[in-house]
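Structure first, then comments.
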Amino acid sequence: MFLMVLVLYSSWICPFEFAFLHYLPTTMFLVDNIVNSFFAIDIALTFFVAFVDPKSYLLVDEPKRIAVRYLSTWFIFDACSTFPFQTISFFFSRHGNSLGFKLLSMLRLWRLHRVGSLFARLEKDIRFNYFWTRCAKLFSVTLLAVHFSGCFYYMIADRYPDPKRTWIGAVIPNFREDNLWIRYVTAIYWSITTLTTTGYGDLHAENTGEMLFDIFYMFFNLALTAYLIGNMTNLVVHGTSRTKTFRDTFQAASEFASRNKLPRHVEEQMLSHICLRFKTEELKQQETLDGLPKAIRSSIAECLFYPIVEKVYLFQGASFNLIFQLVTEMQADYFPPKEDVILQNEALTDLYIIVSGQIFIIKGLIIYNLQVQGRLIAGEVFGEIGVLCHIPQPFTIRTTELAQILRLQSAVLFNTIRENRQDATIVMRNLFQVNPIIDQHCLTK
Amino acid sequence: MFLMVLVLYSSWICPFEFAFLHYLPTTMFLVDNIVNSFFAIDIALTFFVAFVDPKSYLLVDEPKRIAVRYLSTWFIFDACSTFPFQTISFFFSRHGNSLGFKLLSMLRLWRLHRVGSLFARLEKDIRFNYFWTRCAKLFSVTLLAVHFSGCFYYMIADRYPDPKRTWIGAVIPNFREDNLWIRYVTAIYWSITTLTTTGYGDLHAENTGEMLFDIFYMFFNLALTAYLIGNMTNLVVHGTSRTKTFRDTFQAASEFASRNKLPRHVEEQMLSHICLRFKTEELKQQETLDGLPKAIRSSIAECLFYPIVEKVYLFQGASFNLIFQLVTEMQADYFPPKEDVILQNEALTDLYIIVSGQIFIIKGLIIYNLQVQGRLIAGEVFGEIGVLCHIPQPFTIRTTELAQILRLQSAVLFNTIRENRQDATIVMRNLFQVNPIIDQHCLTK
Amino acid sequence: MFLMVLVLYSSWICPFEFAFLHYLPTTMFLVDNIVNSFFAIDIALTFFVAFVDPKSYLLVDEPKRIAVRYLSTWFIFDACSTFPFQTISFFFSRHGNSLGFKLLSMLRLWRLHRVGSLFARLEKDIRFNYFWTRCAKLFSVTLLAVHFSGCFYYMIADRYPDPKRTWIGAVIPNFREDNLWIRYVTAIYWSITTLTTTGYGDLHAENTGEMLFDIFYMFFNLALTAYLIGNMTNLVVHGTSRTKTFRDTFQAASEFASRNKLPRHVEEQMLSHICLRFKTEELKQQETLDGLPKAIRSSIAECLFYPIVEKVYLFQGASFNLIFQLVTEMQADYFPPKEDVILQNEALTDLYIIVSGQIFIIKGLIIYNLQVQGRLIAGEVFGEIGVLCHIPQPFTIRTTELAQILRLQSAVLFNTIRENRQDATIVMRNLFQVNPIIDQHCLTK
Amino acid sequence: MFLMVLVLYSSWICPFEFAFLHYLPTTMFLVDNIVNSFFAIDIALTFFVAFVDPKSYLLVDEPKRIAVRYLSTWFIFDACSTFPFQTISFFFSRHGNSLGFKLLSMLRLWRLHRVGSLFARLEKDIRFNYFWTRCAKLFSVTLLAVHFSGCFYYMIADRYPDPKRTWIGAVIPNFREDNLWIRYVTAIYWSITTLTTTGYGDLHAENTGEMLFDIFYMFFNLALTAYLIGNMTNLVVHGTSRTKTFRDTFQAASEFASRNKLPRHVEEQMLSHICLRFKTEELKQQETLDGLPKAIRSSIAECLFYPIVEKVYLFQGASFNLIFQLVTEMQADYFPPKEDVILQNEALTDLYIIVSGQIFIIKGLIIYNLQVQGRLIAGEVFGEIGVLCHIPQPFTIRTTELAQILRLQSAVLFNTIRENRQDATIVMRNLFQVNPIIDQHCLTK
């Protein structure tokens, strides 16, 4: 990170020195050389940093292979961008400001590629917001473009023989005597006016050289502006996609309800379920979990549901194996308040265990008046009689508040129990102890 | 909503006062204080408004927790933006127009964050069109940006010692004597000219301070323009996606038909089916329903199809349970006019019940001349003999007008009937009573 | 379509008359009235045109309901836009050029909504290219915007008391004497310069009224430009999506091959298969077909494959029913030249019938030298012995040229044959007659 | 490729000659004719180049059909663009610079369509980066647009009677005497200033003709800019989609872990698995392979896994057939270091074979302290006892470094073994020889 500050400093100072400073002040010369020495140290260190082989995805830490890889790829650029050309130029010319050596010192801009790779890493780091990381990157690129072209455009004017026939001289005739700040701001002002295509026209190219530079700069601007807009569009599309999906789903459900004249309570259940699903981002998380291998999913299920399931009366005394295998096949769903989980008379295909929230047992057909028969709280199970004894559901089950409920498919339950004989008798004994009445009914079936 | 009007008023008047009014008129001063008092009341009310906990999704209405949450988040900003700095400034300076106090009164712009959260809520509300809500938001942002920068740019010129060397003074030399309206329109004109990057150049920065502000404003404009375009692109892509999907599907079908030289009537059936599916948005609604939990889907199916299915002759006298369980497994499809629902000789896998529309029974192979054998209307069933007796379909069934037809998979029908023995005999008796001839044929099988 | 030309004419002439013509020439007055009368006739006709009810998707042709719907929706606008205000104005003022009546005649622009609905219809018509339809629409909108604002801006200058203080008068002092063409071109030139945000600045607002109009126009331009770019992006994304998908798939396959060092001939088979699949747009068409109801898919399969399958030796003498049911379950695939269809020793799960192209039977393991054993042409079947007698595939089957091959799952084949006892014996007899050697082998199994 | 250079040369020189050169120098005249002759040769060659029929996807090499197709499509354009109008014009006028013949020579621009088809081909070639190919195309289009309009705009000024009233004459009064380079740069400078909508205004239209051209050019620019931005957006969206998907998946997993307070080691396993999956692009490659026909997938599986599987002790001595059939059903997964492959007590559904990497066998429940029981390396198999003897997994299996593991579903294994009786006994004998203890246990089951 400290190196990044140096990179930014040197990439900013480099074109500035190039354009505005005829004679380098001693302080700046010193700072430049100190910065350079830091980069020299960094080059030396690179020979000892392991890298990941892109083919086998393994870490390589052999010094020889590291050296071979570095020397054959970026070493030459790094070395050139650190070599102190300017210091050497003192031995040749008196002022060290000959154009050739100045151009060589522009090689330091190569260092900017480090900033590029920093941003590439930041973009993949979820601790930073993608939108702002990306914006910061684009802003840096724009800022550097404005700075570079401003400096370069000033240099063209500065070296033109007739000051009146330059873009700045046409407005400020004796601009060379003006102080540095005014000249720099004017150059940046022209640069940004051109880059944003505002083009007031108060400062414009006067001679062929300036026109040529302006032509190239405008071509570059066209590409840069398009790139900026493209990136912003990308970010906006990405940022609003959730809201759009939610709206589309909600609207489709709402239209379906109004077109088919569904009763008010069914429509409300539909819409509140959709709202909840989007609020909890259930879909996205479910998709992520589905992509994981089985062992990890089992670990997760064990952590989350084992403590709840082992306390359920049905599995009291059952072996660790049975509960573990059942838990790995369970699915957790959220239900908003006042939603039906099972309807009366439905054919049951799942067993339900309440993780949190409260639930009412309701008797009566949905359309007529309803009668609350009881309530269930976290840790209780429902649907077990229906599933284990093949009886259609005798009650409607409805949530009273936000509830998280585990679901286990009856086919999975049967298969797992069948493979663990001893557990099967334990489970059935538990069932009959708690629900003595259904004992007979169930056995006859 | 009333508060929103006040927010917009205060965010508009605030920079305007700041830039154009040296001495605040008494009426405005009064209005400002009244508006401020409304916001003070609002701050007090916030202490009594419940909020939803972002972790557990539960409503919190304990006054203590509300207070802690508010005091630790936004209270300090709200308080600062409501504190009457300007009134206090009267005690210190005579005119109350010192720059410091004016800057403090800019804190009122903090109130704008309320508009942001209003729009965020509106975007999720399907009663409002997404396109226009989003456009209104972007337009507000642009308008405020233009207003702010116009005011600020005027203030720079107004406070510059030499009026001739300012952006407005270069064009209107004695601009300070001009009336307020002309000065305001000119400032806004410059601001919008720069924001849209038109940049006529008739008004442009003249001194370094103006250039600096212009540089920052143009950077901001670049980002804003990109953001506007990004949003518009997003909206356009979203808005046209249905048409595009329709075109792609239609074209793929059309190309398939022409490449394989399909007969005219088959091609027409294909294309009209695709048109109908897109017109009724069947796909989107089906997807929405598939995402709902089973109990809600059962409720919907019961509301929609129970009254129709219970009147079908096949299920006369059957138990509520049986019909309810069948209904929850049914699927509704739309068929355009003149489309074949079943072809003669096809192996049947579904039972069909007509909800609306009219249908012809046709005998003969498709390629030769056809012969209408009968017609079926809403409430009638077809395919029942084929499914229950395993006979290949003896007739082609073709719609004559737009028809909605329920489909029930034969596997589901068998499973459900098998679990309800008594109903099975009722259903078979109904079948043989209505179709006496097939009795023998079916039994031998 | 004829009406569309009139609409475009009247929407172009309307602001032109408004701005540039103080006294309406007689010819134009006549043409205007003729055009108006056409629209009056169209209004009358609308009362007799049936419409589709948006709820039930049925055509409504009751004159009363049509009238009620039209009168309650668009009639009032249509009537106002056709009412000859200009003709009436002659009775009041002498020249018929009072501003009020001119503004009323702007109501004719309402007619433009017809162009909008025309384009909406064209976009859904696959005979027209989506890209160009959309471009034409956007171009029309831009053209009208440029024309309108050009006319309006000229009118502001024309009515301003001091000609020198207007945008056009500052450049052409006595512009009112110039000919119409020059004035119109100048106005359009200013308009397009502003709309595209070029903003040369040679023509710019001079007084407050012009500035105000310019402010509104630039706001509009911002929205329009964003809308244009959004649309273009949408079209580009849509247009290049196929190429991108192709590249991604191809690259993934290519990388997979090079990373795993797959032999050359396997890689070539992979890549040429992917190329062919994209060239024939197999995927898109398959998706379209999958969305169609079963009866249509059966019709298509019958048209395409029945003539081929009934000639296959295996099904000689089999009933229409059997072949029809098999045909509806078949899938057609394209294979590029030199691709393996089945490998030697593979466990067979499908029966293959060649529709077109030529195929080699090859003996030997893939890695060693191969030996051509025979060839198969269109109408021949392979894999039948393996599927019907459960023998692993004795030969590799490889295409020599582009081949279309039907595939039938063995499970489907068995199920269909089992339900048609008589056909089963015919099929087995055919098999043993042609392949006498395998008779014994197969029966013992 | 050589022809492409000629095409670019002639499309660049053509408008340049047209606008700037009154009298064509002899050298250029010669070069023009040489270039023309190359194109004439190319036309002749086209008659002998085979083409692919767009309907049947077959190569057509009949000379007659090629000729018919070419003559009926593009021949007339190619011929016109190659016909030496300029040479002929010498016979009529003395200088060969009459406007008519110059316009005819503009027909050469037709040749540009070749560049279009070259780019279309390059875009589909994965050896070239899509981003840069597309950028190169857009840059060429922009460059040509700038060149054409610059030349044309200069020509308008050049032919205008009053040099002072032209866009260039207003700035450089005696521009016709200036050297070619200055005039060309100025024209290009104006052109690019307008195209990028910078519009400084130092050069602007002065007469109606110039205004008209400028109007058309600005309309074109609007479309071109929108097209450029659209393309750039498309490229950016395409280029960042992988990073975005990765971030979304990673974030969803991370949020899920923190919300459910998963233990640290489970969260780490989840996240490192997701990282690895994206690094190896597993998903994209898996999707590609799934789209290939079965024979190719079998070939790939054989190349990759046969040498490993045949050395596994379980399949020592088994027939080629058995191993081949098993190999074609195997799936390869990557596991990051320290990830659990199977948990203790899990019900096994797969057999695993290690391709590369090292694996630990761990005893003990995950939550308590663990005990390393052994290690497995490449070529070893695990889970075989559990799968073949139906015993729940006795150990946790965890990777120590990046491992590639083959997975075979137990159902597939049983089916394949059942169909090869002799192999079944070999496999079971191998199993018991290596694991003598489990012999009894397994047999009793």
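We just call them A, B, C and D in the order they show up, numbering each chain from 1.
Keep this in mind: a residue touches a chain if its C-beta (ideal position, glycine included) is under 8 Å from a C-beta of that chain, and two chains touch if they have at least 3 such contacts.
It should be emphasised that the depicted structure is a prediction, and the values quoted were computed from it without experimental measurement.
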| item | value |
| --- | --- |
| Furthest chain, CA centroid comparison against subunit C | A |
| Copies subunit B and subunit C - rotation angle from C-alpha fit, nearest 5 degrees | 90 |
| Centroid spacing, where centroids are CA-atom means, of subunit C and subunit D in whole angstrom | 24 |
| Centroid distance [mean C-alpha coordinates] between subunit C and subunit A, Å | 34 |
| Junction residues of subunit C - those touching two or more other chains | 197-201, 225, 229, 231, 233-234, 237 |
| Residue numbers on subunit C that touch subunit A, as the complex places them | 55, 197-201, 229, 233, 259 |
| Contact set on subunit D toward subunit A in their complex | 135, 139, 142, 181-182, 185-186, 188-189, 192-193, 195-202, 225, 228-229, 231-237, 240, 243-244, 246-256, 260, 262-263, 266, 269-270, 273-274, 276-277, 279-280, 283, 333, 335, 339-343, 345-347, 349, 366, 390, 392, 401-402 |
| Subunit B residues within the subunit A interface of the complex | 56-58, 123-124, 126, 130, 194, 197-201, 204-205, 208, 211-212, 214-215, 218-219, 221-223, 225-227, 229-231, 233-234, 237-238, 281, 284-285, 287-289, 291-296, 298-300, 302-304, 320-321, 324-325, 328, 416, 419 |
